[in-house]
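Structures given as C-alpha cells follow.
Each of the two complexes below includes chain A, the first together with chain B, the second together with chain C.
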Partner chain A sequence: MLILKLAFRNLLRNTRRTALTCLLLTSALVIMILMDGMMVGVSRLMVDSLTDTLEGEAQIYHQGFRERFDPSLYLDNTVPLREVLALDQDVRAFSERVMTPAMLASSYATQGVMIYGIDHEQEKAVSRIREAQVEGSPITKGSDLLLGDSLAEKLEVGLGDRIVLTTSSVEGNELVQRLFRVSGVLNFGPSELDDRLAFIDLEAAREMLMIGDGTHQFVIRFENRDRANEADLPLYDRVRNDQTAAEGWLKLQPSIGGMLEMTGFGRLILGLVLFLLAALGVVNSIFMSIYERLYEFAVTKAIGTRPWWIGRLIVLESLLMALASVAIGVLIAYFVGDYLEREGLGLGQMEVGGVVIPERIRPVMLINQFLEASWFLIGLTLLTALYPALYAAKITPAEAIKRSL
Partner chain B sequence: MLELQLAWRNLLRQKRRSILTGISIAGGYFLITFAVSLIEGSYGNMIEIFTRDRVGHVQLHAPDYRVQPRTQRVIRESSQVVSSLQSAPNIVGVAPRVLSAALAYGEEKSSPVQVVGIDGQLEASVTHLREKVTEGIYLSEAVAGPNTPAMIGLGISRALGISVGDGLVLIGQGADGSIANDLYEVVGVVGNEKSSDRMTVYLPLSAAQAFLALDDAVHQIALRLDDIGDASAAAEDLQQQFPNLEVSPWQVIESTFYQTMQADREGNKFGLGLIIFLVFIGVLNTVLMSVLERTREFGVLRAMGCRPGKLVQLVALETVMLASAAIAVGLLAVFPLVYWFTNVGFELADPIDMGGVAFSHYRGMLSAYVLFMPMTLILVSALVVSLPPGWRAARVRPVEAMRHY
Partner chain C sequence: MTEQETDTPVIYTDQVVRRFGEGAALVTAVGGVSLTVESGEFAALVGPSGSGKSTLLNLIGGLDDPDEGHIALAGMNLTSMSSAEMSDFRRDHIGFIFQSYNLIPVLSAAENIEYIMLLQGLAARDRRKRVDEMLKMVGLDGLGHRRPAELSGGQQQRVAVARAMASSPDIILADEPTANLDSKTGVALLETMRELNENEGVTFLFSTHDQKIIERARRLVWLEDGMVTKDEAPERL
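Right after this comes the complex of A and B.
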C-alpha cells in the first residue's frame, strides 16, 4: 500500500500539472463519448427514417427491377409468395406495391412522376404514408390519388381537383389514360419524395398496367429489424429463385450502407486522433514530473530501491490520473449527453441519402459508449506511461545526482 | 538577437520535451489542415460537378416558374435577353433552355420523359453536355436531314429500346393548350444510368419552341460566370437589370443541398474547434511545466537584472519558435497528402445523395487559405497559451526562486 500512498502524494505535489493533464484526458473522453453518441444518433435516425418511411426493412422483387424500375419486370406468380409471407414467423407485416413511371397532367401543368399502386390497409403496418398525409383522406376508391405537397404545388392542384394520369401498360404496351381526383396531399420531408411520387389504389394500378395479379415489390417489416440484413434468412432462401430477388435494407440502399461504413471509419479516426493528442499530453506530463524528481529518484536508487519499483510507481501514478479523469469525464459526458438528448444540438437542416436530418440532432447515449471509451482511455494511458517509466527505471544515480543551474 | 539565441538554447536544452510538444503541435496542424482541405475540396468538387452538369452558376426564369412551372410562364424575347447577357464582362456562358414533360414513343414502348430544348453551341459554354455524349454525335453537329435531331438519356434508350438512327415520337402539351406531337431522329445518347438526365430528351432550341408553340420564348437561361464565388452578387446585379425576371444563384436553385452543406460545415467547424482545444491544453500543459521547472533559472536571471517584460517575451518567443518549427514539420508532412487528394482523390463506390446532389468524390483543396488558416490559428493560440506562464515566470521573487530545485 506504500506505493499507492506514494503515487498519490506525488500527484498532489504538483496539483496544477496533475489537474491540467487530467483536464486533457477528461476532455478527450467527453468528446469521444459525445461524438459517438451523435454518430449513433444520426445513423439511427437515417436507418429508421429510411426503413419506416417507404422502403421497409426488406423487399421481394423481380431480378433486375431495382436497377431501372422497369415496370415490365414484375412478379407474376404472387400467390405462393403471399402464403410464405403470411406464415413466416419473422414477418410482422408486408405490403404489395405496383410501380410505374407516368405523366400527371392538371389543367395548368404536366409533370413526370413515379406512381405507386398501394393497398391502404397493408401500408398502415409497413410505411408512413398515413402519417405523412397532411390533407384529405386515404385511398378508398379506384379514382383516389395521393401526391406529395411540392408536386401538388407544381401541378397547381388541391383536394378534389381532377388530374389525368398517362402511362403505358406493361402487357400490350398501350397508352393508357385515366382520370383521378386528388384525395390527399402528403409530406414525407425529403424533396425527392414530395417532388415526384403519387399514390393510387393497387387494383387500379394493376388494371392500368394490365398485369393481372402481378406485383413489383413486396415490402416487409420484421418482428426484429436486425434480422433483415442476415444474408441467409430462411425467408429469403424460400422465395429466392431465377426470377425473384429478396434483400434486406442494407443491400437495397448501398449508399446508406456506405455511409454507415464511413461513419464507423470516421469514428475510428476521430478516436485515434483524440487519444493520440491525449497520449502525447500524458507522456509529456509524466516526463516533466520525472525530470523534476530526478534527484529524488537518484537518491532512492542509491539507497537500494529496485528499478522496476520506480517504474511501477510511474505507471501507477498515470493509472491514478486516468481513473480520476474517467470518473470526472463519465460524469460530465453523462450530464451533457442527457442535456443534448433532451435539447438536441442545432446545426441546421440536412438532407442526406434521401433522409431529412432535422435542425437539432439528438445523440443516442448507450452504456457501451461510456465503457468502451473509458477502457480505451485507461489502456492507452498505461501504455503511454511505459516509456517514461522505463526511462525513470534506468536512471543512473551518479549522473542524476549531479546538480546544475 | 540575444533573445532569439537564448530561446533557441532553452528549447534545445530539453530536447525530449520540445520534441513531444512539437509533435502535438505538428499533429494538430496536420489534422486541421487535412480536414479543412478535404471539406473545402470535396464540396468545391461537388459544386463544380453539378453546376457543370446542368445547373450553371446563375439561372433566370419568369416569376413563379421555379415553384409552379407552367409552360406559359416564359422569358419573352429571349434572343435579346441572351445577347445582352453575353455582353456582360463577368459572364462566360449563356444557355437558354425550354423545358417540358412529354411522353416518348419508340417502336413498341413508351415512357414519360423530360424534354429540354437547347442551343447546342451555347449549352456547351455552360455545361459539359457535349462531353457526356457516349454514342452518336452532339446535337449541334447533326447535319440537316429530313427529321429533326434529338439526343436522349441512356435511361430512355434502355426503356424504349432505341438508339442512334432510330425514330422517336414525342407527345406533349403546347403553351396554347394544343396537343403537341412530332417525330424526331435520335442522333446521340448521353450520360449513364445514374445521370440526372437519364430520362431527358434534348431537342434543338428552335424545334422545342415549335413543339410547345413558344415562338422566341424560353423557360430558363443558365449562366456560367468567370468566378463562381460571385454567383450571389452577380445574381443581385442581374435582378436589378431584369426586374421582370427571377434571377437565382445556384445556392437558391439547389437550396436543399446548400442548406445541407452549410449545416455539415457547422458540424465540422465544431469538430475542428474541439481538436484545437485539445492541442491548446496540451501546449499549455507543457509550456507551463517547462516554466515551473525552470523557476530557479528565472530567479537567477531576475537577480542579474533581467526585467520582467523580457522574461515574458522570452517565454513567448520560445513557444512561438517551437510552434513554427512544428508547423514547418507538419506542413512538410501534410503537403504531399493534400496535393494527392487535390489532384487524384478517390471516388466512393456508392455516391451519397446530399439534398439531391450526388456526393461521389473525396477531393482535397490546395490553397493559401487551407495551408495558412490553420497555421495562423495555431501560432496565435500558442502565443496566447504562453502568456500566463510567462507572466508567472516574470513575477518570481529571486530569493525564493533560487532556493527552488
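Right after this comes the complex of A and C.
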C-alpha cells in the first residue's frame, strides 16, 4: 500500500524529530499508566486500611446509632440477625460489637475513651486488632483490656497495670465501674484510633451496659468486597427495617468515597494535562513537517492527488507515531510498573483522612490501565492530527509553489 | 493519450484575467488572455520574469482560479469544476513538470511514476508494465529503484517527464523545466520531450525564458505585463 509506505518513509525523513515526538508521546503514556497504577494502589490501600482495620466492609446497626454513638440505640433482637448472617453465602465472616463512651482512670491520669466490647475470635476474621497488637496478649478473660499505645502513654500504664473503666449503663442509666488489667497495647497507626480506643471482652461490656444479648454493631466481611456497596444486596434487604440499618463501607465512610471520587477526577485531570501537552508537541511536529513539504504537497496536488488523500497521509503518519509510542510506552510501563509493584515507591508515611499510607506505596497495575491509556493516546493523537491534516488538504498548489520558490 | 476531436482545441482560454493583492497593491498578473492550443503542438509561453507566463500556466492547469474569463481543457470547462473534480481532471488529462523538487523524495523513481497510476486506480501489473515503458522512453531503464536524491538533476526531470506521461494526459504543462539544469542536460531533456511530441503526439506547453526552449518550440506566445504581445505561428519556424 503506497500511502502506508509513503507515511512510513516520511517519518524516517527527519528521524530526530520523529524520535522526539515519539519520546514525548511515550513519556506521557508511561507517566499516565504509572500514575494511574499509583492512584489505584493508594485508593486500594485506603479502602483496605479502612475496611480491614476496624470498620469492616459493611455494618448492621440500630437506626441512628452511627450519628451519635448513643449506647441506648442497640439491636436487642440479635438471634435472627446472627442466623441470617451465618447462612448468607456472600458473608465470609462477621463480628458483634458493643460500644460506649467511657472514662478510663489509671493511678496517674484519666482519659475519655470509646470502649469496644469485642469477641476476640470473631474479630480475627474481620479486623486487624490482633495484627495491631504490639505488646501483650489478646483478650481472653473478662478483665482484660487492650488500649492504643498513645492512650497508654497518656494514662501512664503498661502491661499488667490496673485501670478503672467508668461508664453508665443503658438500662437505668446508672454509673458503673469495673477494674481491668492492661493485657495488650495496640498500634493501628492513625492517632484518632491509638488515642481514643480501648477494647474489652464483649460479654463484660454487655454486663456493664446491662443490655443482655444486645449488640451495637454487626461488622461484616464479604466473600467479594465489591458487593458491599451494592444498594440492592439481598442481605441488606433481609435485615433492614424501621429499627435496623445495614450499609456498605462507602455509605459508612462517605469521606473516603469523596476521596476516591477526587482520585478518579485527579486521574482524569492528570491524563488530560499530560496528553494535551503531548498533543501540542504532536501538532507542532506535524506542522513543521507540513511546512517543510509545502512544495511537495503542492506538486502532488497538482498532479491529481485529491485533498482528502493528503489529509489521510498526515493522519496516517500521526497514527504510525502513536502506535510506535504505544508499543514502546506499554513495554516501559510494564517493566517499571512490575518493578514498583515488587519494590514499592518510598514516599514516607502519610495519614490521609484517618488512613495511614505506609512508607512504600506499591502501584496496582491492571490491564485496563494499559488499554485505556493506549486508546486515549491514539485517539488524541488522531484528533490532534485532524487540524494539520485539514490544513495540508487545503493547500492551494499555485500559492504553495509560489511561497516555496 | 486521449483522442482529441479535430475541431476541439486542447487549450482554450477566453479573456482570462488574474489579479493579486488589493487596493494600491493590486497587480494584474494576467490581463485578458485569449489563447488556443491545438493537439500535438509544442508551444511555449515566453516572456521576462513577472510577465504572467507562470500564472497563466497555473490557470490553464487548474492550479489557480481566474478572476474573469473562461478556460477549457480538452473541451471541459475548468472554471465550473469542484476541487475534487479538478483533482481528478488534472490526474487524467494534464501532466505537470515543474522547475525543481519535482518528485516525492521518499519514493523511488519507479514509485514516483507509479504514484499517479495508483491514484487512477490501475491494476498493479498494468502499473509496473507502464512504469517500465516510461523509464525506457526517457532513457532511465535500470534506474527505477533509485530515489530522487540518487539521481542527477537531468535524470530527475526525466523522471518527472515520465511521470507526466504515465497517465496518458492530453497535454503536458512544463513550468521552466530547464531552469535548474546545466545547458547540456537541458538540451538533452528538451530533445526527449520533442521526440515524445513528434513520435507520441503529446501536446507540450512551456512557460519559459530559456533560449534553448525558445529555439526548439514550434510556437511562441510572447507575454508582457500579463498580455499577449506576439503569437508566432508554427510557419515562422
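Structural remarks
Quick note on the criterion: the second predicted complex is superposed on the first by the 402 of 405 C-alpha atoms of A that agree within 3 Å, B and C clash if a C-alpha of one lies under 4 Å from a C-alpha of the other, contacts with A are read in each partner's own complex, and residues count from 1 in each chain.
Convention: contacts are C-beta pairs under 8 Å (C-beta built on N, C-alpha and C of every residue); 3 or more make two chains touch, one makes a residue touch a chain.
Remember, it's a predicted structure, so these values are computed and weren't measured experimentally.
In the superposition on chain A, A:259 makes contact with chain B only, while chain C stays out of contact range. Once the two complexes are overlaid on the shared chain, A:90 sits clear of chain B and of chain C alike.
Judged by the touch definition given at the top, the superposed model places A:192 against chain B, while chain C stays out of reach.
Look at A:13: by the touch rule set out above, it reaches chain C but stays clear of chain B. Once chain A of one complex is fitted onto chain A of the other, the partner contacts of A:111 are limited to chain B, with no touch recorded for chain C. In the superposition on chain A, A:397 contacts chain C only, with no contact to chain B.
When chain A is checked against chain B and against chain C, the one touching more of its residues turns out to be B.
Once the two complexes are overlaid on the shared chain, A:2 sits against chain C while remaining clear of chain B. Of the two partner chains placed around the shared chain by superposition, neither chain B nor chain C is touched by A:207.
In the superposition on chain A, contact is made by A:309 with chain C only, not with chain B. Residues 295, 405 of chain A touch chain B in one complex and chain C in the other. Taken together, the chain B residues at the contact with chain A in this complex read 14, 16-17, 20-21, 23-24, 27-28, 31, 67-71, 100-103, 108-114, 155, 158-159, 172-173, 193, 199, 256-257, 259-260, 262-264, 266-267, 270-271, 274-275, 277-279, 281-282, 284-286, 288-290, 292-293, 296-297, 300, 348-356, 405.
Note for the complex: chain C touches chain A at residues 55, 58, 61, 63-64, 83-84, 87-92, 94-96, 98-99, 101-102, 104-107, 111, 114-116, 118-120, 163-164, 167. For chain A in complex with chain C, the residues that touch the partner chain are 2, 5-6, 9-10, 12-13, 295-296, 299-309, 396-399, 401, 404-405. Contacts from chain A toward chain B in the complex involve residues 14, 16-17, 20-21, 23-24, 27-28, 31, 35, 67-68, 70, 101-103, 105, 108-113, 153-154, 156, 166-168, 173, 175, 191-192, 254-255, 257-259, 270, 273-274, 276-278, 280-281, 283-285, 287-288, 291-292, 295, 347-354, 357, 403, 405.
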